[in-house]
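By letter and in written order, the chains are A, B, C and D; residue numbering begins at 1 in each of them.
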Amino acid sequence: MLFLTAIMNALIIVDMTEDNVEEFVYGQCNKIIPVINYLSDKFRKNGDLVIFANDSFLKEDFLFKSKMKPHSLRFTKGSDVSHKLDLQNSDIILPKRRFSAFFKTDLDQTLRTFNVENVFVCGITSLFCVLATAYDSVCHDFYTTIVEDATTAHKDSIHSEMMNFLRRNPLQPLLEVKKSIEISI
Amino acid sequence: MLFLTAIMNALIIVDMTEDNVEEFVYGQCNKIIPVINYLSDKFRKNGDLVIFANDSFLKEDFLFKSKMKPHSLRFTKGSDVSHKLDLQNSDIILPKRRFSAFFKTDLDQTLRTFNVENVFVCGITSLFCVLATAYDSVCHDFYTTIVEDATTAHKDSIHSEMMNFLRRNPLQPLLEVKKSIEISI
Amino acid sequence: MLFLTAIMNALIIVDMTEDNVEEFVYGQCNKIIPVINYLSDKFRKNGDLVIFANDSFLKEDFLFKSKMKPHSLRFTKGSDVSHKLDLQNSDIILPKRRFSAFFKTDLDQTLRTFNVENVFVCGITSLFCVLATAYDSVCHDFYTTIVEDATTAHKDSIHSEMMNFLRRNPLQPLLEVKKSIEISI
Amino acid sequence: MLFLTAIMNALIIVDMTEDNVEEFVYGQCNKIIPVINYLSDKFRKNGDLVIFANDSFLKEDFLFKSKMKPHSLRFTKGSDVSHKLDLQNSDIILPKRRFSAFFKTDLDQTLRTFNVENVFVCGITSLFCVLATAYDSVCHDFYTTIVEDATTAHKDSIHSEMMNFLRRNPLQPLLEVKKSIEISI
């Protein structure tokens, strides 16, 4: 038996919540927001998926036994998509509990349900949640690209070093780093 | 109701398989092997867990659609613990299919079954599987430490930069970078 | 090192959504609704967790390639907790994608975060989602009880036979069937 | 873009380990063993997957706080495939820690890697591990069939009632009960 399927793309926008954008990486986010809005528009027009994967913590969470103060709490405005991002009704909002958008969520199943083969990851931050999401994405067998100019970190140097480290990785072309302008969908 | 439990530690040694140690990061591994053997001995004597989390791929795996050639294949000698490592009968060998030792495995359940609270991660490499395992470990609510001098990468500069990035992270003391000499168990 | 923790209980109310209660098992639900409301009140007063685990499907889901028509769809009123159930602000609403409330969700982590040791499962149906949730609960190492008179199926005979099969299982006391009146929390 | 893939089948043989077959359901297993051997031969000749999903417990496991005594322990002969079953080199042996063969394992990824669409489940027992595996299989979006005469339980009446309950379920044709003779692969 044989079957035919159209291949789809998904854009996963990581942790661009009200609390994160305003309180944690304010200055850094300003430059990536227009790029993310440009990309999400492009994906929607192409009939592809736009997914906002948002920190959605409980205040009792283990993570807050650290220097990090409680933020982006579930069922509060702080875990909503930032008002600076262009959010449309057709987009998927995925609350997530830890770093990776795939960690204890149904994201892998959603992507397969829509025949997604190519996943593009952006948002914050290059060292933590974007990276963890991109790694899990390729581990779940999706062709995965980190969008360099739509991703940032607390410091520019950390972001640019991480992109350098990842650009020449042995998993190419399964795991890639690209600029938004290089993305052809 | 109240209960009492002794807190345990676990050492997770990532991807030190025959194939990985001999073929992929040969020179880099020489300096960490004595440190790993020192640590595993220390953990065993303290009654703590020593876990070898080993790449255990199928040759049909998605990952091999990349520049990476098939290696550390399941049910072959290549996925065994390297003969240069000190392996004891009381150790746990955990075959893993992707980057993180927690990805589609029962490691989290094993750690909880033995009342492990503190997880120490080492092996290869700083940018990929050690990092993914350390991130998943803290996301599964274990106090997590990457052992700097028992971990390496294809290049020294990548390893040392990654440790620098991670050393001053906001999740301290849940996620730490330490030298082997600093570990008090 | 030693630590002290208070043990908590959780009541998981499975699939009592608007669509399910009204369309699928209408008559059967009438008798369990008062029992569930009695139990949820009791758990809240005891400081324990009340969790509504609700079918939250996408219309494209694989499950709807069956005789089952799309229902309890994500982001629609049909997947809300039925208005016949007593829902309070302190309760947790957990959208679920398949049978078990633990399947691709963070429920296990939530339960551990609140030191839950004892899980009580009720709702619909005895043969499918309540059973799958109870099985996953014990597999995640929680003491698990199905509340017989707060659970039902499409047919009374299926429900009562399932309870008979499960009552004398070899996993007692980890997996139990009890009447609401027998529950001492 | 379009792609073509051949659809594959998999036979999952649940918990037919030395310990389980000899100690727990001895008499009941005698009648299903020839059927399982007939089926596994048929699947292999058709180029399909044969997977033995075997209980592989730690003696410290939570499950053994019940009436169930430790058995099928990891790294012991008791968790090997029973010598009464026809095991071939091309088969996959999957150690599992709890009821479902999908619980904290990479089985879903293995099945997708081989383009499996149709999963057939058999072994022991109808009420617990076969059922949990079949439910997880359909929840992971595989067309799933329980093979009635290759599955058994501690009591014939439990097995036959369970098959009756499941035969006319609303998830048909995604979840089916069939006799071995009815399976056309």
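Miscellaneous remarks
The criterion applied here is as follows: contacts are C-beta pairs under 8 Å (C-beta built on N, C-alpha and C of every residue); 3 or more make two chains touch, one makes a residue touch a chain.
Computed from a predicted model, the values in this text were never measured in an experiment.
Shared contact partners of chain A and chain C, listed by label: B, D.
The chain with its CA mean position farthest from that of chain C is B.
Between chain C and chain D the centroid-to-centroid distance comes to 26 Å (mean Cα coordinates, whole Å).
In this assembly, the C-alpha centroid of chain B lies 32 Å from the C-alpha centroid of chain D.
We define each chain's centre as the mean of its Cα atoms; on that basis chain A and chain D are separated by 37 Å. For chain A, the set of residues touching two or more other chains reads 62, 109, 113, 141.
By the touch rule above, chain A contacts chain B in their complex via residues 62-63, 65-68, 98-100, 103, 127-128, 131-132, 135-136, 138-139, 141, 158, 161-162, 165-166, 169-175.
Taken together, the chain C residues at the contact with chain A in this complex read 58, 60-62, 97, 104-106, 108-110, 113-114.
By the touch criterion given at the top, residues 1-7, 109, 112-113, 140-141 of chain A touch chain D in their complex.
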